[in-house]
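What follows is chain A paired twice: with chain B in the first complex and chain C in the second.
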Partner chain A sequence: MATQHSRAAARLMISPAVALLLIWMIVPLTMTIWFSFQQYNLLYPDRTGFAGWSNYVYFVTDFRFAPAIRNTLVLVLGVLAITMIGGILLALLLDQPFWGQGIVRLLVLAPFFVMPTVSALVWKNMFMNPVNGFFAHIAKAFGGQGFDFLGQAPLFSIIIMVAWQWLPFATLILLTALQSLDREQMEAAEMDGAGPLSRFVYITLPHLTRAITVVILIQTIFLLSVYAEILVTTNGGPGTASMNLPFLVYLASIVDNDVGMGAAGGVIAIILANIVAFFLMRAIGKNLDA
Partner chain B sequence: MGQIELSQVTKGFGDVTVIPPLDLRIEDGEFVVFVGPSGCGKSTLLRLIAGLEDTTSGRITIDGRDATDLSPAQRGLAMVFQSYALYPHMSVRKNIAFPLKMAGVPEEERARRVEAAAKVLNLTSYLDRRPGQLSGGQRQRVAIGRAIVREPKAFLFDEPLSNLDAALRMGMRLEITELHQRLKTTMIYVTHDQVEAMTMADKIVVLNAGRIEQVGSPLELYRRPRNLFVAGFIGSPKMNFVTGPEAARRDAATIGVRPEHIGISRDGGDWKGTVGVAEHLGSDTFLHVTTEHGMITVRAGGEVDAAHGDTIWLTPDPAHVHRFDAGGARL
Partner chain C sequence: MARRIPTARKTLTTAAAWTTGLVIFFPILWIVILSFKSEGDAIAPPLTMLSAPWTTEAYTTVQERSDYFKHFWNSVVISVGSTLIGLAIAIPAAWAMAFVPGRRTRDLLMWMLSTKMMPAAGVLVPMYLLFRNFGLLDTRIGLVGVLTLINLPIIVWMLYTYFREIPGEILEAARMDGATLRSEILYVLTPMAVPGIASTLLLNIILAWNEAFWTLRLTAANAAPLTAFIASYSSPEGLFYAKLSAASVMAIAPILILGWFSQKQLVRGLTFGAVK
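Here is the complex of A and B:
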């Protein structure tokens, strides 16, 4: 009696929050879907009305669409690879006892607090600039020539920038997981004759799987929507070399003033994200239970 | 073979000396128990032997070979940890096979030896489970299984039973002792529980603050404790200590009498006292008696009819009175 009563009360009390969240999500989603079926170009305010699937057809048949999809996936996978491998190595390093551990761990986290636009601009102007950049200076010191990162390898450069930002996140989560590894387990493995590499493969890595799963899931969600770094560095170019899906949506709706087509791109991005999420959950989600 | 010798071994962590210079010889096939209060350095000593800690100075030899600088794996010893330290993501089978896999034993032989070990330890029906799906006692057995497949020179146990409940503890105590009878391999067993020490050991090493207080068979320690510490530590309930005139009368600073070596009478005896708590166990009765020499615990056989507040007389058995000097050493 009392529990039923309190359960009803609990539902009543959380309902405003639930309703707010639902509206928060439903309204933009519905509007996006609505616009994606409308003729809505800011340059031609007179042309309105139902557009059918034409916005989708225009978006998908756009010559920039295929490269954008490919770049989106390359970007996500590239950053994931760098942050996972780098994160594990850094976490292993930071897990060792050394002097000044606390401060170093704090500093490692720093890139995560730098805004994406700021970090991308710093990378672009202070490191990757072919004339005045730090890398160019190093190359010149060895008698070489500055490399035009953003011109010659735009997608790679953006992957580096984004990976730099996400490395601390991966490192931190993995370090926390490492620290929860039972020391006696390691010692038992040592007594069982496992060398450092075997201990890593058979003890450490299995212990980390859950943390690795979490990092991959969270990062993928954010990496699918990388945008600011591209805007302030390459603008998607040269050509379509560094254009991803969110950036193409921006070009369609803001630069081309075609809100309807942009909305259609947004819906496609949502569908793509869900497909990726589905496969991710299938592939690694089973690590989360048990 | 499994003969281990420590000579002048010391261990310090920073400025703190945990093990002052220590000599100890463990013969092949012996069941040796390190016993002492918590924090006295038992685990540290065991880890020094295992090679999980480096000695600060001194020498450890195993079967006559200097092992001081050998890695844990090279020493050929197996250890069972207090937390069991099983690999949680591996099945029982893989856990037990792990040391063999690391040693490069071929697959078929590995399977054969795992089956054999599982049979000895009654684990056959659990081989495909994960450690998380086992009870405490079963996990303990898996840990032992992982140790025995390697056929080590010696087994090291660090308080292996302290996470089990009382009934299981008794059972595992017997199983480990039986395992020793069958394998005849050297075992070093660490515990803070003197009952485990007394029941299992061939040889007990009593430790206090990193020092060896006494080494001997359980009954030697019981009959002739070398000092007050050993006298108080070995035996349950604890030995009674009396100082003052009663001790002086026997030319000692302190005398000790075990509860089972005190006679009781209603009519007369050496010490007059009032019964406090009486613990009736059926087979025994423990009386806590307040006397002018302090609280004395008496173990009376069988069912004794004594109640709170009764006046009784106690008489220590003169043949079993232990005498100690002012420094605590046996006289």
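Here is the complex of A and C:
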């Protein structure tokens, strides 16, 4: 029913959004790639010119690079493990009938709305501080001593903070998916003698597959760029113990003023994110046809 | 045909669900309590702290010492501003894609989504230099621009999934009944589109309010929104638990309330329509 006229109008309506996103995509990306092949250090403005692959070589051989990649992966996988297992269990629990469902839902959802800097600082000071933190007080009440979470187990502590923020996301989405499960199919299986475990494995889990995929992929995109939580708690330390890739890019480009090297790190971060994005886009694209 | 649930089982589930809910919510509850204590009491062991007198001292101090409301206002301007501009650009686009779908509509949507996959750290260098050269560092207008661009794909997507559910036949019916284009838009389409636009607005304000990469890197004293203001507590002097709690409570309260209202729409928006 679309006429020639309405097609032209539609193109006109879409073009501002497309033009803006095109600029947003092309300009910074081209600049990042360009800088990554240039000698460009704000501290040495006289050294300029084509750098070849040297920025990449410097970035990859930097002593912080290997720990940063490892930490990035540990952070992503650690948070995913906690939020997926916790999220499925929580969704199953909240899907049962109980008194006060609405209120408990709100309580569980709340951490998702807490801004990253608040969440990180509250965990760092009010809970994980080895002297005055909540955990330290509890330990002391039982005759123990406060544990220096961020000094002794920095990456683990950051994983806990980030997982606390993302658990509600996983739970909410899995719960929504769970609620569209066909109850009659469940009851039929029950009457045929399927136990709770086999009902979960053969009916619930397959039904949740798509939601689980989407949660994993979306979380991965965000978790690959965790930054604020590290900035306000450990600054990547002690040493390189809690440094991830985005944080290293920030250190190289803004703190060390080496624009070229930071840009090379940025290109590496983009490649890493795009590998994940490829699979996410396929999962979402499939849904568009349905 | 609700099945009868044994009361014993329901009681057990209720206990388990409430316990889990309260454990997850506990850090937020805790800072609300701490924010109404004096600095000295705030670092005391929990039982001593709980029995200490209540005070609103921390709230007054935060405002006096750090001009809290300036940062609050920055957050409002940046999140609401970027959302409104985003909507103004996205509504026509999503509208056209939903009602006049072409052969390339699907590719276009996927491409828009792909721009969202670019990690912020990847383009930190050029953005920082562009901002510096155009004098946009530490300005609200600069941040509004960046946040509009990073959230535009989500806005378009969310609106598109809502608009697509408006049946096209209803327009034809209105036309048959002799509705003019103007009354068609005013009385038929707008009422059906408003709920979708409203939930998109809410979700996007939440996302922009909590954005903590560009707001931290591109602002200093003047344009800093609450994310950056709170980050200044990472290297504090003296006792600060009550003040940090008060500042945190004020920073998250508005968005927590907005979020609770929009929780139903959240799922659709955050999964780009893949889970409803």
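In the analysis below, the second predicted complex is superposed on the first by the 263 of 290 C-alpha atoms of A that agree within 3 Å, B and C clash if a C-alpha of one lies under 4 Å from a C-alpha of the other, contacts with A are read in each partner's own complex, and residues count from 1 in each chain.
Here is the rule we go by: a residue touches a chain if its C-beta (ideal position, glycine included) is under 8 Å from a C-beta of that chain, and two chains touch if they have at least 3 such contacts.
Here the structure is a predicted model, which means the values were calculated and not measured.
Asker: Judging by the criteria at the top, classify the pair chain B and chain C on chain A as clash or fit.
Answerer: Once both complexes are aligned on chain A, chain B and chain C fit side by side.
Asker: Quick one: chain B or chain C, who's touching more of chain A?
Answerer: Larger number of chain A residues touched: C.
Asker: Could you say whether A:V27 touches chain B, chain C, both of them, or neither, answering first, second, both or neither?
Answerer: Second partner only.
Asker: Applying the touch criterion given at the start, work out whether A:I275 contacts chain B, chain C, both or neither, answering first, second, both or neither.
Answerer: In the superposition, A:I275 touches no partner, neither chain B nor chain C.
Asker: I'd like to know which partner A:G193 touches here: chain B for first, chain C for second, both or neither.
Answerer: A:G193: touches chain B, not chain C.
Asker: Check the residue A:V232 against both partner chains and state whether it touches chain B (first), chain C (second), both, or neither.
Answerer: The answer is second: A:V232 touches chain C but not chain B.
Asker: Quick one: angle from chain B through chain A to chain C, Cα centres, nearest 10°?
Answerer: 80
Asker: Touch test for A:I85: chain B only (first), chain C only (second), both, or neither?
Answerer: Neither partner.
Asker: Per the contact definition in the header, classify A:V255: touching chain B only (first), chain C only (second), both, or neither.
Answerer: A:V255: touches no partner chain.
Asker: Answer with first, second, both or neither: which of chain B and chain C does A:L77 touch in the superposed model?
Answerer: A:L77 sits against neither chain B nor chain C.
Asker: Give me, in Å and rounded to a whole number, the least C-alpha distance separating chain B from chain C in the superposition.
Answerer: 5
Asker: Identify the residues of chain A that lie in both the chain B contact region and the chain C contact region.
Answerer: Touching chain B in the first complex and chain C in the second, residues 187 of chain A appear in both lists.
Asker: Where on chain B is chain A touching in the complex?
Answerer: Per the touch definition, chain B meets chain A at residues 50-52, 71-73, 77-79, 81-83, 85-90, 98-99, 102-103, 146, 150.
Asker: Applying the document's contact rule, which stretches of chain C touch chain A when the two form their complex?
Answerer: 3, 5, 10, 13-14, 16-18, 20-22, 24-25, 27-28, 30-31, 34, 43, 45-46, 89-90, 92-93, 95-97, 99-102, 106, 108-130, 149, 152-153, 156, 168, 172, 206, 209-210, 212-213, 216-217, 226-228, 230-231, 233-234, 240-241, 244-245, 248, 251-252, 255-256, 258-260, 263, 266-267, 270-276
Asker: Going by the contact rule at the top, pick out the chain A residues touching chain B in the complex.
Answerer: Interface residues on chain A, with respect to chain B: 182, 184-185, 187-194, 198, 202-203, 206-207, 209.
Asker: Write out the stretch or stretches of chain A touching chain C in their complex.
Answerer: Residues 1-2, 6-7, 9-11, 13-14, 16-18, 20-21, 24-25, 27-29, 31-32, 35, 90, 93-94, 96-101, 103-119, 121-127, 132, 134, 137-138, 140-141, 164, 167-169, 172-173, 176-177, 187, 210-211, 214-215, 218, 221, 224-225, 227-228, 231-233, 245-246, 249-250, 253-254, 259, 262-263, 265-267, 269-270, 272-274, 276-277, 280-281, 283-285, 287-289 of chain A touch chain C in their complex.
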